[in-house]
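Each of the next two complexes has chain A plus one other chain: chain B in the first, chain C in the second.
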Partner chain A sequence: MSTPLEVLLLDDEVIVGKRLKPALGKIGCNVEVFQDPELAMRRIAEKDFDIVVTDIYMDAMDGMQVLERVHERSPRTKIIMITGYAMIFLAREAMEKGAFDFIAKPFKPDDLRAVIAKAAKALGTSISFDSNPVNG
Partner chain B sequence: MQETPILEPEKEDTEGQTIQIVYDHMADIRCAQTTLLSRRHFSVRNQIYLSNVLVFLFALGMILVLTLNNNRVEKRLKFLEFVNDFSSEIQQARRYEKNYFLYGTNLNDAIENIHLAESIFITQSEEFSELLGGKKARQEIFTQMGAYKRLLEQLYQREQIDPKDFHSTPFSKTSELKLRGYGKDILTSAHSMITLEKRTLEKTLNRSRTIHLYSILGLLVFLAINAYLLVSRLYSTLNRFSAYAKRIASGDFRPIVPQRKFRDEFTELAVAINEMIKEIDLREAVLIQTHKMKAIGTLTAGVAHEINNPLNNIMLTVHMLLEDFGKLSQEEIIEMLKDVAAETDRSKKIIRNLLDFARESTSTMESLDLSVLLKNTVDLLENQIRFSGIQVDLQFIENFPKIHGDAQKLQQVFVNLFLNAMDASIKGSKIQVIGTLGDKDNSVKVSVIDYGQGIPQHLLSSIFDPFFTTKPKGKGTGLGLSVSQGIIAKHGGTLTANSEEGKGSCFTIIFPIINFPEIHAFSL
Partner chain C sequence: MPILILSSENKELERELAEIIAQKLGYTTLDEQFFNIIADTHLIDRKKIRQAMNTTPSIVKRMPVKFWYYCLSCVELEVLEHLVEDDCVCWGLWAHFYVMDISHVLKVRLIGDAASTQLPIVPVRTKKQIAQAERNREKWSLAAFNRKEADPGFYDMVIDLDQNPVSQVADTLIKAMGDPKYRAMTYSKNNLMDFVLAARVKNALLKSLTDIQVHAQDGTVVVTTRSMKRGKLKKIETIKEIAGQVNGVGYLEVHWYKDIITLPGSQGLPLNGPYAKEMR
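What follows is the complex of A and B.
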C-alpha cells in the first residue's frame, strides 16, 4: 500500500461529503470535506492536494473558479468536476480549463472511485480499487 | 427550448378543450348575446320612419285646421256680402220711400226693393242662420221687414183708391213716421250685424294668423325634438362603440352588455363585436397557453437538473448502505435512511412547485397576497436563479394589501418577468422586486427591476407587441410580454416598462385593490 492520496471534496450538499468520505477512504484516500468554497480555497492555499473534487454550482463560488484557482496554485493537482447541471457546454468548458474529468450527478460511489483511480494512475501512484466494480 | 408553433393543427382540439376549462368567459359572452337579442326591436330605420309619419300627420293636422278656418273666413265674407246686399236693398227701398213722401214717386220701386231684400233675406238667412245670432234675431228682422212691407203696400193700396191729396192724409203721415222707424231699425240691425261680423271676421283672421304662427313653431319644435332624439341616439351609441373598441384594444375582453331597453341596427354590431371578442379571447387563451408551455419547458430544464442533487444524495447513500450494510451500526443505518427520506421529500417539493405551475386549472379569481405569490415564484425559479448566479431581492411593505386575481396566471406573468430579467442580467447582479402602494388610491404597485443590459429606446414601444423578440431565433417566442400584458389587463391592471440601455429595466404592474372587473362584468 502506497501513501494515501490527499483528496479535497467540495460540495455544498452535506450528504455528498458524508457518504464519499468513507467511500473514498476505503480505497486509500485521505479525504477532507468542505461545503463552503471559501474555506476550501483557504485550505487549498495551505496544502497541496493530489485530487480536488468540486461541485460546479454553489452559492458563494463557482466550481470553475475553484478549478482555475487550484490550477494556478498547483498544476499537478487533478481536478474532478461533479454537477447536477450536466450540460455539454459545461463539460467542454471544464475540460478546456484543464479539469481531469467531469461526472454528472447522480453518480454511484464507484463511478467516482473509478475516476479517482484513473487520476491516481495519471499521478503515478496506484490505489487499491478494482476498476471492474462488483456492484456496478 | 425550441420555438413552439402557435397553432399546430393536430393540437387544436385539445387546445380548444383546455381553453373551455381555462376560460369561462364563453358562457358570459353567450349570455350577453342572448340578452342583447332578447330585447324589443326598435331600429333606427323605424325611428326615422315613425318620425316622418308623425311630421306628416302634424302637417296634415295643421292644413286641416287652417282649411277649416279659411272656410269660416270665406263663409263670413259671403255673409258680409249678403248683409251688405240686404242693407243696400233696404237703403234703396228707403230712398224710394223718401222720394215718395217728398215727391209722390217711386213707391213701386220701394216695394220692389223691399221684396228683393226680403227674398235675399229668406233665401240666404237659412244658410247663415247661426251667424244671425239665432232664430230670435232673424225673426225680429223678418218681422220688422214684414211690417215695413205691409205699410208700403197699404200706402200703395190707399193711394190707388184715393190718390188725391193722399200725402196730407193723417194715415200717410203716421205711415211715414212708422216707415221711418222700421227702416231705421232694420238698417240699424243690418249695420250692427255688419259691425259684429266685421269684428268676428277680424278675429277669425287673427286666429288664422295665430294658427299659422303656432303650427310653424310647433313644427319647428317637433322637428328639433325629432332631430335631437335621432342624433343623440346615433351619437351616444357611436360614442359607446368607440369606447368599446378602445377597451377591447387595451386587452379588456369583457363582452358588450345591453345598455338600452330595445335593440336595433347597433345590436347587430354589438353581437358581431362580441363574436369577435370571443375569437380574440380564444386566440389569447391559446397564446397564454403557448407561452406557458414555453415557460414550463424552461422551468422543466431547471427542475430536471435540480432534481439531480437529491437524487445523487439518495444514490450515494443507498450504494454506501449496500456496500457497508454488515459493518454499519444500527444508528448509522438509521441516519442514512433518514437522509434518504429527507432527500426524497426534497425531490417531491422541487417537482411539486413545477407541477403547481404547470397544472391546468379553471381561471379562478381569489383573494391573493402578492408577496406570498412572489415568494413562491422565486422558489419555483430557484434553479434558474442559482444557475444564472443572480441574487433576487424581495421587498414588500408591511401589510401589503391583498388583490383579487388568478394566482396561476399572475405567477405566469412574474415567471416571465423574472426569466426576462435574468436573461438581461449578467452573473452576480441583482433583481429587485418592490411591492408598494400605488400612486392612485386603492391600487398596489409591484416593480421588477433588473440591472442588466436594458432595452434600447426605439424598441421600448414594441416590446409588448405579440411575436416581438430581441432574443436569437429559437430562444424567444416574443409572446411573454404581450401575454403578460393581456393577463394583467384582465385583472384591471396595467403593465408598463421603463428602461435605460446599459443600466437596466423596470417593469411595473399596477393592480386595483377593490376593482376586479372579471367578476363584476360577468354577473349581469
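What follows is the complex of A and C.
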C-alpha cells in the first residue's frame, strides 16, 4: 500500500480507543481517537478520513447523527458502526443511512481489522491483513 | 444481497414466484426437495421427515414427540448451514422460524390464492380447504415454535396476491432486496453463524435427549435443560460430553431446571424457579 489509511475512531469509552488504535496501526492505518463526538465532528470538518469507526450510543451525540453528517460531508468515507446494543432495527437503520458495516460489541480486534480490510478494498486500496475475515 | 424467504399456504404460487426471482437475481433455490437430502444426510426415512414437517406429534401416526423434535432440528440445521453458504430464495421449509433476528433475511408472507386462477392446471381450492390448511399450519407452528406462522408481525412484508399479479410482486421483491437495509453485514452474518452453531449442538443433543434449548454466541454455548432431580447429574454430564464434541463450541454452560411436571419432549422451560448452573 502506498499511503496509509486515515481512520477516525470515535467511542466514549476510553478503553476502546486504547485497544483499537495499536491494533489498527499494525495493519498500516493512521488512527485518530476521539471520545467526544463534537470534537470528532470538528476534526472531520477539517480533514477527509478514509474510514470513520463510531459507537452508536454516546451522551453528546448519537452515532446515527455522526453517520449522517459524515456521509453528507464526505460520501466516499466508509463508516463502520460499533455498538454494545446491537438490534436488528438498529442494524437495518444504519445500513439504510449508508453505513459500510455494523459490528456488535464485544468484538476481537481481528474482526474490526477484517472489516477495515474490506473497506480498504472498496476504496480501491489494500492493506496487509492475513486473518480470515467473515465472508462476503 | 439478502436471503429471501417466502411463506404461504399456496405451494404452487410460492414456487412460481421464487423461481422468477431466483432466475432474475442468479440465486439458488431451496425448497421442499431439500427434505430428501436432509433425510439422507441424517439417515431418516424420507417420508418421516416430511411427515414431521407437516403434522404434530402423534402416537397414532407413529410420530413420537422425541423423534418429531429431532426431525425438526435436522431440518433447521441443514437449512441454516445452506443459508450461510448461498444467496438463495427459500420456501416451503419454514426457514423464517430459524432466522428471526437476521437483518439480511427478507421474510415475506404471501396471502391470497391467486395462483389457482393464474395456473389452469392447478385445481381451484375451496375457501374451506384453504382455511383447513391454515389451521393445520397454525397448529404445527405453535407446537414447533410457539408462534403462529401467519402472524404478520413475524414478517418484513405481507403481500396479497389477489391484489397484485405475480410478475409485479417479483419486481417489488427484487427492488426491496436491493435496499441497503437488507444488506449482509458483520453483525448479521455473525448472528447467522451463531444460529448454525446452536442448531448443530441442539441436533446432536436431541438425538438422544429431550427438553433441550440452546443459545450460542461467538463460540460460547448455553444449553438449558430440565429433568427430575435424580437425573440431574447424569443429564448434565451427557450434555457436556455430546455438546463438547460439536465443532465450533468454545465454552459450554449447562443450565438445569428442576422438572416438576414433565411434558414429554416439551421444549418449554420455566423462566424462574430452582435451577443449577454447571460450567465446563
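To be clear about the criterion, the second predicted complex is superposed on the first by the 130 of 136 C-alpha atoms of A that agree within 3 Å, B and C clash if a C-alpha of one lies under 4 Å from a C-alpha of the other, contacts with A are read in each partner's own complex, and residues count from 1 in each chain.
Simple rule for what comes next: a contact is a pair of C-beta atoms (placed from the backbone, for glycine too) under 8 Å apart; a residue touches a chain by one contact, two chains touch by 3 or more.
Bear in mind the structure is a predicted one, so any value in this text is a computation, not a measurement.
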Partner chain(s) touched by A:Glu93 [first = chain B, second = chain C, both, neither]: second
Chain B versus chain C as contact partner of A:Met61, first or second or both or neither: neither
Which superposed partner A:Leu123 touches (first chain B, second chain C, both, neither): neither
Touching partner for A:Glu13 - first (chain B), second (chain C), both, neither: first
Which superposed partner A:Pro22 touches (first chain B, second chain C, both, neither): first
Touching partner for A:Ala104 - first (chain B), second (chain C), both, neither: both
Which of chain B and chain C A:Tyr85 touches, first, second, both or neither: first
Chain B and chain C contact sites that coincide on chain A, given as residue numbers: 86, 104, 135
Residue ranges of chain C touching chain A (in the complex, touch as defined): 101-103, 179-190
Sites on chain A touched by chain C in the complex: 86, 88, 91-93, 95-96, 98-99, 101-104, 111, 114-115, 134-136
Chain A-touching residues of chain B, taken from the complex the two chains share: 305-309, 311-317, 319-320, 322-324, 336, 339, 343, 386-387, 389
In the complex with chain B, residue positions of chain A that touch it: 13, 15-16, 18-20, 22-23, 57, 59, 62, 84-86, 104-110, 135
